[in-house]
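For reference, chains read A, B, C and D in written order, and residue numbers begin at 1 within each chain.
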Amino acid sequence: MSSSHAMPLISIDGVTKTYAGITALDDVGLTIGAGEAVCLAGENGSGKSTLIKILAGVERPDRGRIGFAGVEQGPLNPRLSAAAGVMVIFQDFSLFPNLSVAENIAFSASLASHRRLFRRSPVRKLALATLNRVGVDLDPDAPVETLSVAHKQLVAICRALACDARLIIMDEPTTALTEREVRVLLDIIRRLKADGVAVLFVSHKLAEVLEVCEKVVVLRNGRKVIEGPAAEFDAASLTRHMTGRDVAETPPDPVPADAPVLLQVRNLTKAGAFEDVTFGLRAGEVLGISGLLGSGRTSLAKALFGLVLPDGGIMTVGDHSVPLGDPLAAARAGIGYVPEDRLTEGLFLMQSILRNVGVGRLDAHSSAGMLDFAALGRDATDWLRRLSVKAPDSAAPVRSLSGGNQQRVVLARWLARNPRLLVLNGPSVGVDVGSKADIHGIIRDLSRRGLGVIVISDDLPELLATCHRILVMKAGRITGEVAGRETTEADLAHRLAS
Amino acid sequence: AAQDKKDIATVVKIAGIQWFNRMEEGVKKFAADTGNNAYLVGPAQADPQQQVALLEDLIAKGVNALAVVPMSPEALEPVLGRAQAAGIAVVTHEAASQQNTSYDLEAFKNEDFGANLMEQLATCMGGEGEYAVFVGSLTSQTHNQWVDGAIAYQKEKYPKMTLVGDKNETFDDQQKAYDKAQEVLRAFPNIKGMQGSASTDVAGIGLAIEERGLADKTCVFGTSLPSIAGQYLESGAVDGIGFWDPAVAGYVMNKLAVMVMNGETVTDGMDLGQPGYEKIKLDGKVIYGQAWVNVNKANMAEYPF
Amino acid sequence: MRNLNLAALVASPEARLAVIAVVVFAVMSALSPDRFLSVQNLTSMAFQFPEFAILSLAMLLTMLTGGIDLSVVGIANLSAIVAALLLTAFAGPEATGGAAVLWLAVALLAALAVGAVAGLFNGVAIAVFGLPPILATLGSGLIFTGIAVALTGGSALMGFPGVVAFLGNGTVLGVPAPLILFALLAAGMAWLLGRTAFGLRVQMYGANPLAARFAAMDVTGLLIRVYLLSGMLGALAGMVVMSRANSAKADYGSSYLLLAVLIAVLGGVNPYGGYGRVIGVVLAVLTMQFLSSGLNMLGVSNFARELIWGGLLIFVMIVNTRLVYRPRAAAKPGPSA
Amino acid sequence: MRHVDFSRNETLVALVILAFCAAATLADPAFLSMPTLTDLLRGGIVLGIFAVAALLVLISGGIDVSFTAIAAVSMYSTAMALNTFAPGVPWGVAFALGMTIGAGLGCINAVFIAGFGLPTLIVTLGTLSMFRGFMLAFIGQKQITTLPSGMREFGRMMMIRGTNPDGSFYSLPLAFAFLVGAVVLTWVILHRTMLGRQVFAMGGSLESARRVGVNVKGAQFFVYIYVGALAGLAGVIHASMTRVANPFDLVGLELSVIAAVVLGGARLAGGYGTLTGTLLGVALIVLVRNSLIVFGIPSTWQSVAVGVLILIGTGLPAWQAKRAAARAA
């Protein structure tokens, strides 16, 4: 064990990976020592997930060497990596929706133990112990498919923790977590480090990165641009290395005093999810909604778009009341919705990028049944350009895009429809700082043009940077309202937690 | 001479089943006897459209004569019409309603054959009691004619017998016949007789009867072959079967085809030189033989197929 | 739109299928040149395949949404029987001229209406009540066939005016009428799928039904229309069968169901939805017909044909997945949910 | 915590079965009797074994339509081989041979599915016609009515025998024990071994299973070979019970079997399904198929009745699930 300083736990050297013409990784080298927390930073599509998949044995590099504890490895596969103590929390969680929480948590550990028989009680015990360690209260027997995105993420974290790992790789583990869970996770990482477990951490939330990591590695376009101790970086310098430019957030312009009321929600209620929700939104206003896990934000957001049928309440856009529980009517009324889980709810993964954007504009570009493909394409390309989607070929399937670019594709689809009101559920989930600022810029621009925007987010700086007003939800009720200009991150965090 | 060697394709409802394998023996015998290129083909699935497709291909291939056992006579009218228009001799079997054929060969009148089975069933039942009837499919014309003939005969001759239930459909499947027979036995506990139509019907019925130990209390008759129903005839679960020898029918069909090609005509009372067809009856285009065979435990050894 | 270069052309599954179709045609021609290549045989083939080819189009459409229509043959027969009932009741074999044509048109419309209603039934069961398509159409297929049997007592209906035969047996300028009908339908389907918003929606829905809902697509209406169209295609196939058989019966074409599924799959349609092209289905139909007629010419047992068929399907799939890198077309795309 | 859950397929199918039996008893009081029970159980043996096999494949995330062809080939070649080479061997040998042939054919499926990574539906659609075509073209087409003595003997072995009041017999064949055995073994594999859990995991998400290190290929090989062996078993049992090896039998049942399994709550998308539900689904289909005469439904309407039942049987749970999803937040 004492040799851990001399011999790194993981050494990567000259790893290159290309996908059908795209170079995702180009000659990347990296070492991780035992008990060390390394941050992998970089813009969307810079190759972070690809590197992780290679370490996990899911993808094979075209070139390059990988060593575990000084021993050079042949071609890896997930089983070999797992046997070497590499556990991954994947960006998309990679859970089993049909299995219980307990089984999902214990799955990797059971596989690693090479046991042939399966018994429930040890599985439950292990799961409960791990859940306790993370401090989450989840029914271990609930099927994972019934969980919210945040809870799924916690289960994925627990699964990795339940194994005797030597390296835990976390690919954006905090995207769906609220402040409180993130705290707990960071604590766990500290404890893991103390136990000699190494952590490779990917996140776009720079503050948390700098808080727990010793070393920072920055990728840009598949190349390593810099590597150094975390102490030498601050958020601004890190951003500069990732994007090659300075990114500044500016607060939103004030809403014009004469802006008409766009959306009125009165007494919207859904048993078990939210209760008696009343608020208004003016044209050009950006309204933030925040709350802890399970506070009912997502249900409320879906209800606004008709994806959830409320038990009662009234919703009007402009002068017209919108029928509840009907997404088509909501869309007709000019409401758009960007879902939080873009992979399953937002995107048609196997279809082209163009089609993914264009699908919202089919009616606008068809006459007498005929679709004007040229116009549809121009329209979509235009929006892709305006949102600076990094794609080699807009005819390529959208699944080949990085997470952040995928998110922009979903945004582009709705923006192309020219909505009056946009509900953004986690608009910058998994989006890098540069793009995030771009998206915030887009939101600002939309509000300037008189759109109403509702932003549901856990990212407090994001809320502060984009919103005129922020509603705080607790246990399904709106418990407070603050003006974006008049509050600070600490104050908001306090309101949420209390 | 070489040009006298004719291509005669016998096209059956479905290839491979016992019945048509036996028919193939007759066709081969005809080929051996006469030196013609006679052979038997059939689709892999029991579907009239598959038979149509096969016939289309044979016409395109340019055979000299077609001897057809239609799956569904109506469906074949257009294609057989095309065959005749192309100068191909066409004869059929088991399709008394067929229009586009030179001759249709019937081993017997279907209604008579049904009545013949009923006569045996009634005798066995002592002229009274409940009975049920089975057909391979409700869409099969011959099966329905047999059963209708039998029912009409019973109504006239044996008024004390009663038909229970509807025509039971077995989809030409022995397992289904077995299931249906069980169901009939449960629903009508007093049943004494059953008459089958598809060759697998009596085998399925026989198994159900045997398992319930009712061989002595019930009478089962139907169309089948000794190779299919043999073990139940032996155990007494099936009391008798009737059929006509498909080999002979196949032979006669091919002979008719050659006669048509040679421009010969068939006349009433003619002897076609094969057992059961020594003195045929001609009704329009339909040729009737007296070619049915009744088989029971005693004489089954004489029919090894 | 991108330029189609040669490499891209050969990279598409349809192009490989075209190669296979040509190879099969060449092999059959070589094995029995005088018979297979005869005008007789070529026209005969052109008369044969439209029946099941139309059903394959219906299969393509429903499979694109990730569904399937196992009731098409039932619909075909039920529609044909309704048409036949009308024809036999109002225009017997004696009917000629304008009256006969008129009644044929009425019968055709009636058949299409029956197909539409049956398809609507499927669509509502699937889209509104949420039944899995495979079971909904398995069940409804039994019902349609059952009604057809009940309407006719199981026997065939016949005695139509002479014009009825035209649809399945006639020619226009030497081209078989059923082939023309199929060509029109195929072209229409290609247009529908490739050039209309409806077609694009069908493909998008098949790719990810949940995302379609989140994109404010009218998925209920879409599915209903898909099955309605499928039912109407079934009705048209039924009319062709009726015309070619000059009769209608509840059990015609029972072997076409599996055949239509096989052809769609061979034609490159992803049975889990989202991908499928008309040209692929047409090529698969042709391959199938060349193979089938060719083997009949050669006197090969029809059972060996089944064997070759299954083998061909798997061979094509291996070529498709081995030759080109294609991301796994899984039923549920990647992530945890 | 959960009470009777009316949104579960199992509950709904059980209720439909109870309602059906109640109605049948009203129509004919003799319906509730030993012969009815044994007839139905007997009718469910082959279908039940098939359903267990189909369930396993569905859970693993695949779909298999070739198992009926595997059963037919195993059944026919076993009867043929034994008649030719060893007509006198005990029935155990016939079973072993049939299951081996079935496993071998299942292995062919596995090679295409696991080895080449082809979609399961397409592979099994192809092998369905390949297996059947091969048997009919090269092994034989004639039905074998004189089975090897072992199989004949097995067909006459009964677990339960009894006499009805009217003197006729009722009986339950020993083959039923094999259904029970198949169910128990499959349950143990699915719920008490890691292999079984991995099969579930694959059905839940194949990609995730691969990522966490499940030996996906190995598990797929297991699934298709096991299913092949079960199909072989079902084939030999079918021949023994009907006393004939007819190569045209069995093929065509596959969709009804899958329908029964889905009726019982398994999902075509994979990852979900219970043996209880599967057996209930089979029970319902067998019950309906074999009880229509009691209700006096004319033959012409019987297929309509079965169709309506499939629609109701799948429609109720589907509708429930849809409403539950609409209610959920």
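Just so it is clear, contacts are C-beta pairs under 8 Å (C-beta built on N, C-alpha and C of every residue); 3 or more make two chains touch, one makes a residue touch a chain.
Computed from a predicted model, the values in this text were never measured in an experiment.
Peer 1: Through how few touching steps can subunit B be joined to subunit D?
Peer 2: The fewest steps needed to get from subunit B to subunit D is 1.
Peer 1: With chain centres taken as the means of their Cα atoms, state the distance from subunit A to subunit B in Å.
Peer 2: Going by mean C-alpha positions, subunit A sits 72 Å from subunit B.
Peer 1: Which integer distance in Å separates the CA centroid of subunit C from that of subunit D?
Peer 2: Computed value for the inter-centroid distance: 30 Å.
Peer 1: Just give me the whole-number Å value for how far the CA centre of subunit B lies from that of subunit C.
Peer 2: Computed from C-alpha means, the inter-chain centre distance equals 34 Å.
Peer 1: Based only on mean CA positions, could you tell me how far subunit A sits from subunit C in angstrom?
Peer 2: So the centre of subunit A lies 44 Å away from the centre of subunit C.
Peer 1: If a residue has to touch 2 or more other chains to count, which residues of subunit A qualify?
Peer 2: 94-97
Peer 1: What residues in subunit B touch two or more of the other chains?
Peer 2: Where subunit B meets two or more other chains at a single residue, that happens at 15-16, 44, 138.
Peer 1: Which subunit D residues reach two or more other chains?
Peer 2: Within subunit D, the residues that touch at least two other chains are 133, 136, 141, 205, 207-208, 300, 302.
Peer 1: Every touching chain pair, please?
Peer 2: Listed in label order, the chain pairs in contact are A-C, A-D, B-C, B-D, C-D.
Peer 1: For subunit A, which residues count as touching subunit D in their complex?
Peer 2: Those in contact with subunit D are residues 56-58, 77-79, 81-82, 88, 90, 94-99, 103, 107-108, 110-112, 115-119, 159, 270, 272-274, 296, 298-299, 302, 308-309, 325.
Peer 1: Residue numbers of subunit D touching subunit B in their complex, please.
Peer 2: Counting only subunit D, the residues touching subunit B are 28, 30-31, 33, 35-36, 39, 43, 133, 136, 141-143, 145-146, 166-171, 238, 242-244, 246-249, 289-294, 298-300, 302.
Peer 1: Which stretch or stretches of subunit C touch subunit B in the complex?
Peer 2: 35, 38, 40-41, 44-45, 47-48, 51, 149, 153-156, 158, 165, 168-169, 241, 244-247, 249-256, 292-293, 296-297, 299, 301-303, 305-306
Peer 1: Quick check: in the complex, which residue numbers of subunit B touch subunit D?
Peer 2: Against subunit D, subunit B makes touches at 15-18, 21, 44, 138, 165-169, 173-175, 178-179, 182-187, 189, 200, 203-204, 207, 211-214, 217, 227-228, 230-231.
Peer 1: Once bound in the complex, which stretches of subunit C touch subunit D?
Peer 2: Of all residues in subunit C, those touching subunit D are 70, 125, 129-132, 134-136, 138-143, 145-147, 149-150, 153-154, 261-262, 265, 271-272, 301, 303-311, 313-314, 317-318, 321-322, 328-332, 334-336.
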